[in-house]
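There are two complexes below, and they share chain A, which is joined by chain B in the first and by chain C in the second.
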Partner chain A sequence: MKKLSSSLIVSVLVISFVIGISLAGLAADKKKVVINSYMADPAPKETLKQLVNRFEEEHPDFDVTINTYPHEDYKTLIRTWLPSKKASPDIVTWFAGERANTFVDKGLMMPLDDIWGEGKSFEDYFPKAFKSISQFEGETYFLPQSWYWYGFWYRESVFDKLNLEEPVTWKQFLDVCEKLKENGYTPISIGSKFRWTAAAWFDYFDLRLNGADFHMKLMKGEVKYTNPKVKDVFEKWKVLLDRGYFLDDHTSYSWQEGAKFLFNKEAGMYLMGQFIQDVVSDEKVKKDLNFFRFPIIDASVPIAEETPTDGYMIPKNAPHPEAAKEFMHYLATQQSQWFFADNLNRIAANRNIEETNYGPLVQKGLRMINRSDKVTQFYDRDTKPAMADKAMDQIVKFMVNPGQIDQILQAMEAQRKKVFE
Partner chain B sequence: MSKRRVLWIGSFYLIAIVISLLWLFPLFIAGTTAFKSMNEIVQNIYWWNLPDEFTFQYFAEAWNQGGMSRYFLNSFIITVPSVVGALFLSALGGFALAKYRFKYNKLILGIFIAGNMIPFQMMMFPVFEISNVLGLYDTYLAVILFHVSFQMGFCIFFLRNFIRTIPTDLLDAARVDGSSEFRIFLQIVLPLTKPALAALGILEFTWIWNDYLWGLVLLASDNLRPVTVGLVSLQGEYLSKWNIISAGSLIAAAVPLIVFLVFQRYFIQGLMMGASK
Partner chain C sequence: MNKRRWAPFKFLLIPVILYAIWVIAPIFYTIFLSFTQWDGLTAPTFIGIGNFVDLFNDPIFYTALFNNIKWLLVYVLVPLPLGLAFAMFFNRSLPGVKIFKTAIYLPLTLSFVVLSQIWTWIYQPKYGAINVTLEAIGLGNLTVAWLSNSDIVTYSLIVVGCWPQTAYTMVLFLAGLQNVPTEVMEAAKVDGANRWQRFWKVILPLLKPATIIAVAVTIIQSLRMFAIVNVMTRGGPFRSSEVLANYMYVEGFKNYSMGYASALAVILFLIILLFVSVYLYQIFKTEVEY
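Right after this comes the complex of A and B.
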């Protein structure tokens, strides 16, 4: 009996190995493309899968595999794949701008200059403005997929009830906060358990007070954090904290938990990316959500907005670069870009998609960006990871202890010296 | 019973109950979350509330759309040979270290124990490199081999101490009868070590089944992943389907539990074995 059970186990193992090997063998004569993806959020994951299915229907000689990784682990693991000749995938999902540049600098990525088709170039597909986040040292390395905008989200029914208008200036914004507070709402919700929600605030104050050029210099480590202009950022922010406009105990909520206060009409406004719409499954709440631009503080500063952009790259060690480039071409086309954006309410990077194709809220976001002078990515996408990690700790610390601005600035400056000098 | 004794027993039970409740609390949260719709999870901040309606929909979704059925099989394909391999090799090693006298015996044992002290995470990159060079990257074999070798340190230590308690006279008697050393191992040492092997087997099964790191580092293809890695890949940048992840975790946690319940008789026996000596 005992012998029988052990031989049963052995035979099950042998059979499963054989099946595994023969399944791998079946696909061997097709053109293989392996995509490693961080799109683990349910909706984008499904959309990418459908994009691949459509491609395989059009090109039956292709076999495209997606390996999805948990988002945070992906950022660590990609450092093991890229330098490896054996473990490298053909395509990786990645972020535009500084984060892409980090890998290009180390010579880990492949230029994409020959994927556009006969006589075409990057500019036939994407707006000129995308060059700065996709091209490095004169060559294109990054294929933009889609982007989204940031804004203050609110519930129309709450604003209607209190007779509030979307504020445009700083003063109007303070009035709205005050009115919300008087009527028993928490004016501003935030969940800063994961620190990036607070980093958005830092970015916006810096963009509104000091402008995008100064902000990008700061991100590149060319300006000291002890510069009085950076102190202004925290002083302005402190006004809101001192008046108690922010949600209590926000450090114990994730961004999603912070959003519940907005959805339940306990809080009035939430500075957040467009993906906040992905979380609402209640149609009534979804229809009631609207957003406005981060208020203008100094009218003489050119308006800048944050537009984090996601896309794809081909690693230098990709085992099937030719097939990967064919798939990349497909990803850049108007049809694929529209399919992705339309499914997820994002804005496609492809320039040939008409504004009128989008839904009303997306159109509003698109118009807001078109009327801006500059765009940036996001704090932890624009600066070096080691800098972002320490600085975001300090930013959250500021929200809890607004009195310690000077110590906080010194800690950020010490890290800037360590990372950039 | 004296008053003091009642007080003593009472406070013991009180503390035991409090500690058990604390330990069960995460399980309770996973249990309620697995039945809630995403809408309810997102909108209702009181996560300790019971779900509005009980539905097994999310268990089904975890199994089908979540890909759990495939991950589940993978976990078995990885865990069973790893446990069997680690136990068999460690029993051989433990036998040699316990019963043969040779130079550097203690040193070899020391190396196995010392290897136990090194945190796995430190070896992540070297192991990744080795699996690349050997061409094992992204195969079941890579994970199985590394589990077997990493678990051997602890297993050899445990089994060597156990096999030492077997009287050497028994082995000598077999030698006098002309039995080969390997036959002595198979027919005398292994059967006598059974309680220890069963206890160790349960522990190893649980550890390997719950492993996350090696499955993540050594496997790339989605269709080779064990259940731990598969479940976590449902966690996104902004959104995670907590109901499906919870339902999947509960299914995954059931397996070590069943293994434990089936073999618990041996488990307690095996652990007691050392204590009563």
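Right after this comes the complex of A and C.
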């Protein structure tokens, strides 16, 4: 029996191999494009696959292959593909801003200036604000796909029950926290085990108090962390910590575990990206979720928001750059951008998609971003990995020991020196 | 005759080549990389002992080193004697002994990742098994956030490691006990040695080969501990549970400081080499005969 099954397996393998070779033979005269993708979660993976299928239907002379890798592994593996003439794919999925610039800087990416079609340019497809995260040294290297926003998520039923309004100012926000606490809710949930959730708080306090320009200088290592303006960030944050508004033992929880406290009404609010909607299993809870903008602390500071953006790049060593560019053009079009965003509740980067196409919550997010002056990516996307790694430790440490601001700032500054000087 | 003499070497050739390519060569390559700065993208640049200077000024390196020492001490003090005790107890034919033996051995068959995930739930501060039980029996004031209290997190992790490690040493000692000749044991009995004396004067010396392996494996396991830390805390909160192997991984594959990670690897390699060679030297100096 055992022998039979193993010979069966062998013959199946041989047959599929033979079929594979003959299929490859059939596809030989087609234009090949190989995409390496980090969209490993079921929903985005399926969406990209369908997008490719649609493209192949419209362009039967193309043969597009997707290789999917787990998100975390991908970030390491891409460093082995890019410099290699043999292993390089034609298109890679990647992140806008500093992370894209890292590869452009090393000469590993191909400019995309000729993919837009006759007489058209980047700005015919994407908002101006996206230039700063897609163009480096005057040339476009990054094709934005979609993005999402951050906000304070809450449950409408809880706010209704306590007669709470979405706070706009810092003062109102503190009142909401206090009222939630009085009524037995943990005002703010957070799961800081993997640190980045705390980094969102750091970013927002810095954006609200010091503005996007200062923040980006800090991210690029041009400002010292011992600057008093950075200390203000922690002092403001300390107010919330001192009043006990944050969830206890938050360093024990992943971001999803932190979200559970919001979903089951133990906690009132959660500063999180739009993708929090992806992890709600209960439809009733999903409908009850709403969000508001991080409160304005200083009205004189131009409003900035975090809008992490994902997209595509073509490596310098891509074996089929011409075919890849044709597919990239397709990825930039209104239809394909809308298809992707609509399937995943993201916001498409393409500027020609009408706001009214989106669902109500996405429209609200879109309006929020349209009314802001600047956008940033995220702490660990805007600064260098080695800086982000050590600084996020310090940020979480601050949340647990708010009394150690000075030591924490010094530790962050020491790392800035090491990474940037 | 000549042909025969060379036969073993021919058989050895392939494993030796593989070993050289996949084990020996990477060791030397890592040593080379530890003197360079390398982001994994462009060619490594030689920077001399710069990485090692940084390392000795790096507070996280010392945290990781001390945590590894904690792992080492607890690993030698707890699972090793406990494994021996279980082995002694189970080394007889009692009804049901096989079931208990299997039960204790079972955690060793689980992957460390699975084990860590299970214990993450057990340690969960609000709904985890430990804290819920403590609350239920009226010891609510003893509940702690096991994985986010920076003073105890390392010990919480070591407990997880001790579980399979005890099973492992038990198996090694059980195998060793099979080799204790019954004649010697009977002779000791006839000579009037009591249980305690038989254990200390007869069994333990005869278990020496098994003990050597058990101690060496325990030391190596504790110093290269990675999976439990990486899955359960990733070295957090704020690096208080960091160990050298995880720090090396984070520096190399998350922060892309391959040179720095290689320097950490070299240090870890030297520490393990030191412990193991000192230990083996002590052992082989005094060979037991019977």
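We take it that the second predicted complex is superposed on the first by the 395 of 421 C-alpha atoms of A that agree within 3 Å, B and C clash if a C-alpha of one lies under 4 Å from a C-alpha of the other, contacts with A are read in each partner's own complex, and residues count from 1 in each chain.
Going forward, contacts are C-beta pairs under 8 Å (C-beta built on N, C-alpha and C of every residue); 3 or more make two chains touch, one makes a residue touch a chain.
If you're wondering where the values come from, they're calculated on a predicted model, not measured in any experiment.
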Clash or fit (per the criteria above) of chain B with chain C on chain A: clash
Partner chain in contact with A:301 - chain B first, chain C second, else both or neither: neither
First, second, both or neither for A:255, with chain B first and chain C second: first
Which superposed partner A:278 touches (first chain B, second chain C, both, neither): first
Contacts of A:108 with chain B and chain C, given as first, second, both or neither: second
Partner, of chain C and chain B, that touches more residues belonging to chain A: B
Which of chain B and chain C A:405 touches, first, second, both or neither: neither
First, second, both or neither for A:80, with chain B first and chain C second: both
Against chain B, colliding segment of chain C, chosen among 3-11, 39-47 or 273-281: 3-11
Residues of chain A at both interfaces, chain B in one complex, chain C in the other: 80
Touching residues (chain side chain B, partner chain A) in the complex: 37-39, 42-45, 73, 77, 80-81, 84, 125, 128, 132, 135, 137-138, 140, 216-217, 220-222, 224, 232-241
Residues of chain A that touch chain B when the two form their complex: 9, 13, 16-17, 20, 34, 36, 38-45, 65-73, 77, 80-81, 84-87, 89, 255-257, 259-261, 263-264, 273, 275, 278-282, 285
Sites on chain A touched by chain C in the complex: 75-76, 79-80, 82-83, 103, 106, 108, 192-195, 248-252, 385-386, 389, 393-394, 396-397, 400, 418
Touch list for chain C against partner chain A, complex: 39-42, 54, 123-126, 145-148, 150, 233-234, 236-239, 250, 253-257
